[in-house]
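One chain, chain A, links the two complexes that follow: it is found with chain B in the first and with chain C in the second.
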Partner chain A sequence: MKFVLRGREPRWVAPTAVLVAVAVTVALTALPIRLAGANPVAAFERYLLTPLSSVNGLHEVLLTATPLMFTGIAVAIAFRAGYWNIGAEGQFLLGAVGTTWVGTTWADLPAPVALPLGFVAGAVGGAVWALAPAWLKRRAGIDEVVTTLLLNPVALLVVQGLLNGPWRNSATGFTDSDRLGSGFDLPPLIPDSRVHWGFAVALAVILVAGVVLTRTATGVRVRAAGQAPQAAAFSGIDVDRVQFRAALVSGGVAGLGGASTVMGVQHQLTSGISNSYGYTGVIVATLGGLGAIGVLLVSLLLGDISVGAQNVSLVLQVPTQLGAIFSALLMLAVLSAMSWRRYRVQWRRPRPATTPEPAQETG
Partner chain B sequence: MSLNLLALLGAMLTIATPLIWAGVGELVVERTGVLNLGIEGTMYLGAFVGFLVALRTGSPWLGLLAAVASGVVAGVLMGLFAVTLGLNQHVSGLGLTLLLIAVCEFTFRMLYAGERPTLDTKFDVLLPGVEVLDQHWLTYVAFLVLAPGSWWVLRSTGAGYRLRAVGESFEAADVAGISVSGVRYAALMVGGAFMAVGGAFLTLSVLGSFTLDIINGRGWVCIALVIFARWRVWPAVCGALIFAGTDALQLQLAITPAFGDVPRELMLALPYLAVIVALAVWGRSVRYPGSYLKAHRRA
Partner chain C sequence: MTPQRAGADADPARGRALLELAGVTKRFGDLVANDDVSLSVGAGEVVAMLGENGAGKSTLMKIAYGLVRPDAGELRVDGRPVQLGSPRDAMRAGIGMVTQEFSLVETMTVSENVALSAVGLGRVDAAANRRRVMAAMERLGVQIEPERLVATLSIGERQRVEIVKALFHDCRVLILDEPTAVLTPQDVRSLFETIARLRTDGLGVLFVSHKLREVAEISDRVVVLRRGRMVGDRPTASVDEAELAALMMGGAASAAAAPAGPSQSRAGAVADPVGGAVGLGVETRPTAGPAEARPEPVLRLTDLGVSTGRRALLSGISLTVGAGEIVGIAGISGNGQTELVDVLAGVRPASSGTVHVAGRDLTRADVATRLAAGLGRLTEDRRGSLVPQMSVEHNLVLEDLPRFTSRGLLDRGAVRRHAEQLIERFDIRARPGDPVATLSGGNMQKVLLARSLVREPRVLVVAQPTRGLDVGSYAYVHEQLAALRDRGAGVLVVSEDLDELRGLCDRVAVLFRGRIVGELPIAEASSERLGLMMTGVEVAT
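Now for the complex of A and B:
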């Protein structure tokens, strides 16, 4: 038995690979659940099904998926252009800072002005945080992976510095900011639920990104810059400029996520406002195949798992980090399984060289 | 205002130690053309496993041994993704980091929810009472053995030669009869062990306890140092000293009355910003190893 490269890929291979990856992930996460003293079957029912089995649970899934939709599509935009933005975490935080700044400075604004302003401020905050790495990459060829990563802890320090200093809560003295003006409260999207209009904005952003990436000339340039930069440059595309702009858009979209979370959920800035949403965004984008529909579906799946993890930790005393373990494992398992797609198993020893392998279909 | 220069120097050496361990580890790996973004998670794993085993057995030595083993395992995992399966190194490395951190946090919460356990015995400093030289033995090893040793191995030995050959051109190395995946796995295992020691240094030597933000981006700093150093050992050590010097300075300034009004967070951010500035000044148009980020497949 040996593995040989496939010629053509049958249609069943990709779905099978994903199913195998999911099975492996579930099997591997059963181990820590057991170690925590819970029954894996009961726990998985709670992780995956309990949130979906009640209206309230469904609402929570949509709410939890919202920031992941923003960071996921943000990362996907940058990755599509071949710009490895791993700084969505920091950009999300600076988006939250921007929104909090306008929301506390002009607290009296009425909602029709305040809400768009809040989102714009968030996008600007995120884009500003993405600017330095993008500029260093374009002007000096400095690896964006390193600079975007390094700015994540710095962004958290910016938030903590503001909350310990000038933005300390004036009423309670706690290290979270004052409440934003009431005009900045995103209204509920679904009545009597915590799902807010941020979800609709996230959907719209994903839709626009999807259409632009797949249906427009800009999208072609972005994808060309990412997939074949040399060929793109040869055909007259300014790859550096495309990547620079994609980086700023990516940062802006991540910043919108911060704005949405501040105006829709927290209504103030807290140092824990990003629950690793930026890093999880990389998982969302990758698992979603850097596509709009994929990002949406994976965000909902991880939202489901995350709500389930809260539930399991309350009921079965399994720490919530199991959700993070699951999502990281799932990404690695799916990537691994997909890399096996290119091979098929050859059960019998091939006959000696006289008959060549069936030629690969090269199109 | 008076700065205590000797204290500054001593703190600088201590702060630089984990960066030198993990930075040399990353450098060895990257010299084979593999970018290991699992470094942050591997340091975290080393810090956690070292602490856990030392806590349970009472022996920091066993803790260190376990940390080394955990680092080797992390290296093998990265090898599975980046070498055997040929996955995208950015994404799989970051995924490995997220996975390892989540697993450690999960285990820590499960075992010690709400507690703050500390080690009864951690590593002592050598030469206590002598300023600057009252360092942990891992610091001495980092500066006197690890850095010169890895420099010499990379430059002058057959192993170093094969390592560099794979990094520059794995096609050529392959033709010359060098096992590309063998060399890459070996580098990932050794490098992983160094990274884990860097993490374990923090729990076993410095703190004697474990906190959830213990690594806090130090792994990313090491990635930057390696590029800044253009994949050479001594410049990486210098880079680590720049970061550590800035960090030691901010610690000193924080207790200096004249700087009492400067926000602490600004000070804490300085070392990260210093690394970015250093990268911007000296890291322009660096030449990456020839097989950087590429997976090796025979046609």
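Now for the complex of A and C:
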């Protein structure tokens, strides 16, 4: 038995690989669930199916998926261009800071002005936070993985600094910001639910990104720059510029996620506003194959698991972290499956490299 | 062409075959990297392996070092068949290799680096190790303080540390992959002294190079690879440089040795095969009267130079290509061809001189301007000009995106139709949506050819257009280039294949050490004359 690189990939391979990865993940997570004293089958049912079986559960899944849709597509845009932006977390936070600034400074603005302004401020905040690493990469070739990653804790410190200093809540004295003006409250998208218009904005962003990446000349340039920079440069594409712009757009989209969370859920800035959405965005983008539809589906799936995890911990008394373990293992399994799928198995034994010598040969 | 093994029994000390490769064949997809190659290295013998880039040298060495398994054939060490599954097996069998990229840890000392390759579990006896390193260096005549950090060593010194490392494993056959490529002349001298000591010690050395002068100096025997086949195996004393150059690049001298596979099918592929003296002549050359005035040049290079730091890679290149003319650039690889093509393609800036296409100065123009001015490019690195995971249709429009955009969106119907037309016209064996990575080398080259030719360039710069291609694609590419010339464009062909140049070009210029040493009309470009020029002998033109 031998593994051989595939030439052309048949259509069934990619979906099969994902299914195999999911099966492996389920098998692997069964053990810790068992150790936590719960029945794995019941647990999986609650992780995956329970949230989808009630209207309220469905709403919660959409709500939880919203920030992941922003950060997921943000990361996917940068990765497509070959710019490894691991800084969506920081860009998300700075987006939230931008929105909070306009929302508390001009708290009296009416909604038709306030909401667009809030999103613009978020996008600018995220793009500004993405600017330094992108500029360093373009000017000096400094590895963006390191710079974007290291700016994440810095962004959190900026948020904490603001909340402990100038932005401390003037009414309660807690380390949360003042509430944003009521014009900045994103209205519910579905009546009597917590799902807000941020979800619609996220859908629109994903749709636009998908169209640009697959249906425009810009998209072809971005993909060429990401997949084969040398060939792209040979064909007259300014790879550095493409990556620089993708980095800023990526930061801006992550910042929109911050804006959406501030205006739609928290209505104020808190230091825990991100809940690692930026890091999870890397998982979403990778599992989603850096495509628009993939990002959407994976966001919804992770939203589902995350809502399910709360349910599981309440009902079956297992730690909520098992949900995170499930997502993490799923990521590892899918990535492994994606690399294995490039091979096919050759069952026939390969011919030996040497033909057997005739018996008369003597050493 | 099996190496002579008679006499091996007569003189056991010298000439006994230490390492033998018998009938080794290796294929990568439809590319035959090594075709029934047999080679032996005896004790106390320095064998030089010559061959152009892509001739199959590296594959053969990787096979000998256990990095690649052959599809057929046998390896023997000391006459016993061996199976080498990894470099570890090779080391155990007494084979050592020094590659062009060194594997040294810069922040460690020389003796630590040498010990690293032999380290097992448990404690390291530093003192004993140092003594052994000193002994190995003594044997080589190398004077490097074992306590020095590798980071402080020159390239030449690092290379010698690599050799010491190889010898540490009691290696009896040492393979040196283009050892002089990175060395200064002084370092080359000391390397040769080291090799001479190894030979006296009874080691076998396989020395891979394409520098003829060095080969003549250091080796006892020369083997020449060309397109994966062994085309020559001679005692060094009996050959001269011009003959070796001709063997490497497929001049008349090799016609007898290598069965001229391409020529047979070419006769069928080309309508008029009359007068194919070397078998590869495409008889599409226009028979313009000799009195006809030189055509207006579509490409003019004036005093073009490229240098990195103080080193001049190209200097004083002045050359014109007329409309309806194919001009060839011959030369042994590494004499400035890559730099010339890169400068013309617009991916490397010229340090001096100018490039004019149809009278327009493009010296500092970006790629898009070059393309718009009618300069087409077809470079040797297919993967450097195609995006492998992208579809054939997108690769075909990559240089022409604005033309396929309407109202901000890519006109997918137009892109598809464009691809279908080119696939039909250039006989590309692929569907528009297939990723380019799944295509064969020949079909990739056709995609590139289609992409450049569809713009009807006024001048096309082509590098190694047929390297690695099968016979059919080889003929096809040549026909297309000749047809382009006949439509009135100029073509500049850089190639390391003399048959190709002689079959295709009207004129050939020869590069040597970054300079043009001469230019010959094709009728006067015999392999002997070209061979001499390629070794730096200036020929009056």
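Methods note: the second predicted complex is superposed on the first by the 347 of 363 C-alpha atoms of A that agree within 3 Å, B and C clash if a C-alpha of one lies under 4 Å from a C-alpha of the other, contacts with A are read in each partner's own complex, and residues count from 1 in each chain.
Rule of thumb we're sticking to: a residue touches a chain if its C-beta (ideal position, glycine included) is under 8 Å from a C-beta of that chain, and two chains touch if they have at least 3 such contacts.
Just so it is clear, the model here is predicted, and its values are computed rather than measured.
Engineer: In the overlay, answer first, second, both or neither for which of chain B and chain C A:Leu28 touches.
Structural biologist: Neither partner.
Engineer: Once the structures are superposed on A, label A:Leu131 by its partner contacts, choosing first (chain B), second (chain C), both or neither.
Structural biologist: A:Leu131 sits against neither chain B nor chain C.
Engineer: Contact-wise, after the overlay, does A:Ala140 reach chain B, chain C, both or neither (first, second, both, neither)?
Structural biologist: It touches chain B, and chain C stays clear.
Engineer: Thinking of the overlay built on chain A, is A:Leu48 touched by chain B (first), by chain C (second), by both, or by neither?
Structural biologist: Once the two structures are laid over each other on A, A:Leu48 reaches no partner at all.
Engineer: Should A:Gln230 be classified as contacting the first partner (chain B), the second (chain C), both, or neither?
Structural biologist: Touch status of A:Gln230: second partner only.
Engineer: Looking at A:Arg215 after the superposition, I want to know if it touches chain B, chain C, both of them or none. Which is it: first, second, both, neither?
Structural biologist: Touch status of A:Arg215: second partner only.
Engineer: Could you let me know whether more residues of chain A are touched by chain B or by chain C?
Structural biologist: Looking at chain B versus chain C, the one contacting more residues of chain A is B.
Engineer: Could you pull out which chain A residues touch chain B in their complex?
Structural biologist: By the definition above, chain A touches chain B via 32, 35-36, 84, 86, 132, 136, 140-143, 145-147, 149-154, 157-158, 160-161, 164-165, 276, 279-280, 282-283, 286, 318-319, 321-322, 324-325, 327-329, 331-332, 335-336, 339-340.
Engineer: Can you list the chain A residues touching chain C in their complex?
Structural biologist: Residues of chain A touching chain C: 7-8, 211, 215-217, 219-221, 223-224, 227-228, 230-237, 353-355, 357, 363.
Engineer: Note which residues of chain C are touching chain A in the complex, please.
Structural biologist: 69-75, 79-81, 83, 345-347, 366-368, 371, 377, 379, 383-390, 394, 397-399, 401-402, 404-405, 408-410, 412, 434, 438
Engineer: Quick check on the complex: what are the chain B residues that touch chain A?
Structural biologist: Against chain A, the touching part of chain B is residues 35, 37, 80-81, 85-88, 90-92, 94-96, 98-99, 101-103, 105-107, 109-110, 113, 216-217, 220-221, 223-224, 227, 263-266, 268-269, 272-273, 275-276, 279-280, 283-286.
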